[in-house]
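The chains carry the letters A, B, C, D and E, assigned in the order they are written, with residues numbered from 1 in each.
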Amino acid sequence: MAQLDFQRVERRFPVKRGLLDMVARRDRVYLHAVRGVDLRVSPGDILGIVGESGCGKSTLARIGVGLQQSDGGQVIFDGRPLAGPDPAGRLQMVFQDPYSSLNPRITIGAQLEEVVAHYFPKLPRAKRAARVSEILAEVSLDPETALKFPHALSGGQRQRVSIARALCPAPEILVADEPVSALDASVQAQIINLLKRLNREKGLTIIFISHDMNVVCYLCDRVAVMYLGEIVELQNSQDLFGDPRHPYTRALIAAVPDVRRAQSLAEPITGEIPDPFAVPRGCRFATRCPLAETACQNPQEMLPLGGAGGVRCWKAVPSD
Amino acid sequence: MFLAILKRLLMLVPVLIGITLISFLLLQIMPGDPASRAMGSRASAEDLQAMRELWGLDKPIWVQYFYFLRDCVTGSFGVSIFHKQPIITLVADRLPYTLAIVLYSTVIALVIALPFAILAAANRGRFLDVAIRQIFVVLIALPPFWLCYVLILWLALNLGMFPTGGVGTGFFANLYRLFLPSLVVGLSTAALIQQSLRAALIDAMKADYVDTARAKGLRGYEVFLRHILPNSLISTISIIGVRVSWIIGGTVVVEKIFSVPGLGSLLIDSIVSRDLPVIRGLTVFFAVMVVTVNLIADICYALADPRIRLE
Amino acid sequence: MIPGLNLKALLLASAVALTGLPAAAETLRVAMGFDPLSLDPIATSDNGSIWTQLLIFDTLVRPDKTGEGLEPGLAESWTVSEDGLTLTFNLREAKFSDGTPVTAEDVQFSIERAASEESGWSRFYRPITSFEIVNDRQIVMQLAEPFTPAFNNLALFAAAILPKAQVEEKGDAFFDAPVGAGPFMLKNWARGSRIELVKNPNYWQEGKPYVDDAVLEIVTEPSARVIKLEAGEVDVALDPPLNQLEDLDGKDGISTGQIIPYRADFVQLNTTREPFDDERVRQALNMAIDKDALVQGVLYGAGEPAAAAMPVMAYADPELAPYPYDPAAAKELLAEAGYADGFEAQLLVDSGAATSRNAAITLQAMLQQVGVRVEVQMLEGGTQWETTKSGNYDMSVSYATSDTIDPDQIIGFVGVNPERANAYHTEWKSDRLNELYEEERKTPDGDERGGMFREMVQILHDEAPYIFLYHPASAWAAQDYVKDFEILPTSNFRLEEVKIEK
Amino acid sequence: MSLLSIHDLVAEFDSPSGIARAVDGVSFDAQPGEIFGIVGESGCGKSATCRAILRLFGGAPARIAGGRILLDGVGDLAALHERQLAQVRGRDVAFIFQDPLTALNPTMKIGRQITEVIRRHQTITRAKARAAALQLLRDVHVTSPERRLDSYPHELSGGLRQRVVIAMALALRPRLIIADEPTTALDVTVQDQILRLLKERRDRLGTSIILITHDLGVVSQICDRMAVMYAGRVVETGPVREVLDSPSHPYTQALLAALPGQVGREQALTPIEGAPPSLISPPPGCRFAPRCKLAQPDCVIGPPPPLHARDGVSSGHVDACILNEVAYGPA
Amino acid sequence: MRVLGNLLRTVSGAAGLAMLIMTMAATVLTPFLSPYDPFALDFANAMQPPSAAHWFGTDNFGRDIFTRVMAGAVYDMRLALICVFGPMAIGVLIGLVAGYLGGRIDAALMRLTDIVWAFPFYVLVLAIVGVLGPSETNLYIAFFLVNWIGYARIIRGETLLISRLEFIEATRVLRFGKLRVTLRHILPNAITPALVYSMSDVVLTVQAVAAMSFFGLGVQPPAPEWGLLIVESIDYMRDAPWMTVFPGLAIVWIGIAFALLGEGLSTALKPKG
């Protein structure tokens, strides 16, 4: 089983510079989408990455499958730095939008067969259809689905087709970028169950990107919380939800409405995510943190917690 | 904003150079010797030689281009063989008429398109909408040069309502005399504006902010005048910007038929008399006109829609 | 200034003022198809320019209305010496429109200018080798050798008399606001649109022109000219579509006129190419054309079938008949020449000339009958000229008009090779004709010269380097209240005699 | 006396394939000072119900085809003329939309959008309206409100925009606010802030709020009573804690069961198989029956019973399931 | 086939198609049914008004206008279709290449289209034919030089839009070849707006082709091309308006047919969902 290892991964997007900027020799301005991310994905794990919009989780996912290149640091896959999507298809991805993730003009069967043919060129043409049926069955879809066009399917079915497509090359790691955000709760459960089953039965490693704390809590073994391009906390799921250490993680969990909870709530954090062009120099969460002090104006390092976890807050680790 | 406009102007430089280059190459594709083709009947060998020297045809091609570029930059655009005047002088005499038709036809197009777009949008999917769409389909299908004659035959001749062509002096005389030519250009534009404006209106009617406005208790006409119409018209600005090339091209045909002494007539006459420098100069000038109007449209668009910033 | 004159004017003015009759300016509006290129008489040969120049400038002598003789212009009288080498002109007391008198010096300047290098008409005036100014009002011109057309050529627009001082002072700019001795002055020229003229108060024909202003509207489409006439936007429409003449004449308040000017329409045949190098083929082609049908179908009867590429003008032979329409004979001739199955050829035609276009289409159908398959190629006029000139053609529909009343000009053009145009680019050559041409130019006007012309035309007819088509009429249509408008045989028109009688 | 009382509301939408009854006989009421939640999955008609109250159909070809919408002191909104309804909108009843970005006119400054509603219903000078708008922004905790008044919507963050939309809704102190998924487009920490804002408003001024959401958690967090909708109909309604803690309709039960967090990590979630029915030709009988694990033959035959209480004693917790009717008899 | 079915289900698409088929049928059948030769002169019958014998009347040469208009359909349709679909092929290719290669080639190609786009269509076509001289070949050259621009821009723009969609991102993860992705996944989706545009382009091109003849820069007589029919009729407009009216109506007819077809296609080609 190959391992995926993020090592101080950076990703920044240069802000478009106009002619005048160049004439005035202004420095290039960058938007740091991902900054200094260290993350090791163990085989067979379901790793969750949570955070609010714009925190860099989707960018990280794309770097993880080789869709984007990191500007600093590196991603090690199977012992080698990852330079683009894996030729053997061992790294696959499922996307968020079930409507744009399938080619609307090609039948489901043809789309899947194309992938099978690409990765198993020696497989006789006749057996491809059978293989596609197998894969469809694996994601609990009828074999007839192969004959349909995407528009004939419901959102949940499409998302299953997307997963099926990702399964075609027989991947080891599946990166799922908000795969259930666009789905209704009742359908969402199908996809979550499916992912869980694939992990349990086939040992598929899953990186699950989401903003939904409840889903992540249920599905993931380990969870990384991202804020403004950085991982602020990384722990086992139970530890993270049971004993969140970073003030942001705590605020995030507290803010999630819970069907079982009555109306009283913890004190909310104030403000919104700062403008990504004007991030604080020190702790990035300091502007909203109820515990902020002067010392928070220094850059924060990831402090180790038990296991492979860590937290990026000097106040979070008990001083004992 | 000022800086942004300046930036846009700077960005135009390569486009303008490209325009001159294409116009220059246009004459290079001509078979045969340009001088003899241009001089025609009475050219003696010496005349031809003189012409070649005047045009720099004896020079390498890039030198010729440089000469042409120089002419464009200094503003003369070259000298007409036929009229023996700098092209810019010819253009200056005729530009007002062409601009008048462009403007006038745009106004006519808006006047026609606006009510129909509103009617169609308000009744979308119903009979009236379909009927209006079919009317405009027919409008698009009308060939302009033919329409000119049909209008002359019908409105000018049989009903005597309009003059059959030519221009007058003074604003009101031309408002009257340029009506038919502007109408022909305006009709095809109207079809386009109607279609896009209808779509924009429908989009706006569906927009949440319109429901927000209604939720505030604004009356129907208030919602329409304050929220739906202004926002829909903004998109029309960009449509006109994109279509201006077509509008300006359309003037060529109508000017010729309605004997309007504009740039289009000059172009056709120059083609007929093989006045090559004028053909070349005019193509540059037409393109510059389009680019300029596009720029103005962009600026208006940016002014009207705060979300848009001039790049 | 004579005080009496001023007094008279004053009285006249007050009389008008007292009677309360406003002297409403009468404007004559003429729709014509061409915009002048330039008002410089030596630089142009297009109709628009010629017509306009003739309204602004005047010449020493000019063709009379019949087109058969010359009448006095700025020259009151003249004498030609026995040997034809000395021409003496007595100028009348004429003035340019700005009031300066027309002098012998202006005459010498203008004719010398017309003979100069920069003139497009220099060959017409080079035979005049010297001038002698006797006084302001008398000038003597000398020819080195006899040149009969010289006198006639002085009636041409190119010999318009210009004010020397002003032309020298202003150069080319003079022609943007020219001053002439003609009936009108240029007030405004909107290129491509209209030319506005006002009466020249100093015109030598007292009382003329009758109208105060004249506007020449440039309307290139023939139909549009008629439309404007009917809409009352113009008073005269030149060259209306021939097919509309009859209808127009029937309309209330509109009348039409036509004249067959010095013009002949024909198809140039490239005699350097097969099969047009064969005289029999050329004759056969002439016989394959039903000229009467052509006149009816294309000219709507407004014209005459042509026997040669020469207009019917001075010294014409009334006996010379057009080739008969005889397709059978034509086929025989073709077979004789080895083209029993006909042949294929291209026919050029000016896309801008409706009549030529229609003729080409008709010719195509008629020639089809004798097995000649014609492919029509429409070109704009300039290109057509250039193509025929370079000899890169088979057949080309064209025509020739005479600007002067002497046949010398046009025979030199259509018949003589090389002289002016290699027999109008047919490259056909007849030594006999060339010889006669040389002779005719030295022969004084009279029967002898007439005989030479008749022989030349006969040769042209027989050897048929052209397909002779017809002499089309020049037509005009005018409001009934316009009196005395007509087109002259030289295809020009004058406006000083035109009256508006509403 | 209820503030708003809806009886048998029917709303129809024209679509290319026919007429869809997005709202089919919905009844509920909202009491003064109450936050009433309506939940359901996408396409269940919850949004259409609320839009029907003020007849704000987003330009869609839709109409109210039956029922009454009684607003205390005004009368039946469904019977009002468009002009009369315009008087009610903004003044008595305000509306908050899901996506604050699209709910604001992109080409109009914030200030003008807020004063627009004030000036519509009150004769007031421009300056006074502006001062009022400023106060409104302060009320919804917008920082540096003076600057915001002259901003365009795209210059604000999502949370700020929703605050502006709420400020507009609050401008005339309406008795009822209808909020259509007001936090769906927002991040969870911002959602929390917005929900608090709404609740604070109710607590201070006693404004009634009808809150539409697909998130049962949100309902749980701030609503007093709730209704669960499925395929155009209310299937269950009652006090929030009762409904969420002991759901009586199989759909509500299934919905809750599908949520992660309801079961342990090692247990599988229970999704609802199948898809909601077409609203153009809905099945006869209970509309949830085709997907219902407890469905009986009777479920698909006759129309489902009207809302009734499970225990016969009306605590206001009622549902429309035939099973409960069989077990406990008609209410 | 599926598209055809969808097309027939739209009112405008079915109507447009029916009009086109009627035109084609009439064009094919006229030589067999009409007793008249579109080229033979018959001065005796010149300028007859429309009647049972001559449905559209006769022209100044006595030729039957109906027969000529029908014969002209062949010219105009051929010209227009070649002048639209030829350049379309070029434009699609260039648009794909630009989108496919990206980078500098894309920038250069798009700059070129920007520049050519600045020239008004009529001005450029007139200038090219004017410089080259009037002939059918030169007409083709002019249209091919000008007409591809719109398609290149559309295809390139669509390519960029589609490239951002997740199913294209998926092909990148799957490491499909760029060429295959472009041809199999991008092109079929990008071509739709180009096809719809091409229908309105046909309408304008029929008009432009006729306009070129009108200015004497296109097809040569006696070809019964519609623009030629109109220009030849102008002098007779007063006496024989039918000579002007019917060829014009033919252009309008074809224009409406293609406009309707375009409207239908835009519905029929829309991918569902």
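The rule is simple: a residue touches a chain if its C-beta (ideal position, glycine included) is under 8 Å from a C-beta of that chain, and two chains touch if they have at least 3 such contacts.
Bear in mind the structure is a predicted one, so any value in this text is a computation, not a measurement.
**Q** Fewest touch steps from subunit C to subunit D?
**A** The distance in steps between these two chains is 2.
**Q** Counting C-beta pairs in contact, which chain pair has more, C-E or B-D?
**A** If we tally the contacting C-beta pairs, B-D comes out ahead.
**Q** If every chain is reduced to the average of its C-alpha atoms, which one ends up farthest from subunit A?
**A** It is C whose centre lies farthest from that of subunit A.
**Q** Please find which chain has its CA centre nearest to the centre of all protein CA atoms in view.
**A** B
**Q** Report the inter-chain centroid distance for subunit B and subunit D in whole angstrom, where each centroid is the mean of the CA atoms.
**A** Here subunit B and subunit D have centroids separated by 52 Å.
**Q** Report the inter-centroid distance (CA atoms only) between subunit A and subunit C in whole Å.
**A** So the centroids are 89 Å from each other.
**Q** Please report how many Å separate the Cα centroid of subunit B from that of subunit C, as a whole number.
**A** Between these chains, centre-to-centre, one finds 40 Å.
**Q** Distance-wise, how many Å sit between the C-alpha centres of subunit B and subunit E, to the nearest whole number?
**A** 22
**Q** In subunit B, which residues are in touch with two or more of the other chains?
**A** Answer for subunit B, listing residues that touch two or more other chains: 157, 271, 274.
**Q** Residues touching two or more other chains, restricted to subunit A: which are they?
**A** Residues: none.
**Q** Which subunit E residues sit where two or more other chains touch them?
**A** Expected reply: 133, 234, 237-238.
**Q** Can you check the complex and tell me which residues of subunit B touch subunit E?
**A** 14-15, 18-19, 22, 26-27, 29-31, 133, 137-138, 140-147, 149-150, 153, 157, 245-246, 248-250, 252-253, 256, 267-268, 270-271, 274, 276, 279-280, 282-283, 286-288, 290-291, 294
**Q** Taking the complex as given, what residues does subunit C use to touch subunit B?
**A** Within the complex, subunit C contacts subunit B at residues 35, 37-38, 120, 172, 190-194, 217-221, 224, 227-228, 230-231, 233, 352, 380-383, 385-386, 389.
**Q** Inside the complex, what are the residues of subunit A that reach subunit E?
**A** Those residues of subunit A that touch subunit E are 65-67, 84-87, 89, 91-93, 95-97, 99-106, 114-115, 118, 149-152, 162, 165-166, 169.
**Q** Hey, which residues of subunit E end up touching subunit A in the complex?
**A** 165-167, 169-170, 172-176, 184-185, 188-189, 271-273
**Q** Which subunit B residues qualify as touching subunit D in the complex?
**A** 125, 202, 205-220, 222, 226-227, 230-231, 234, 304-307
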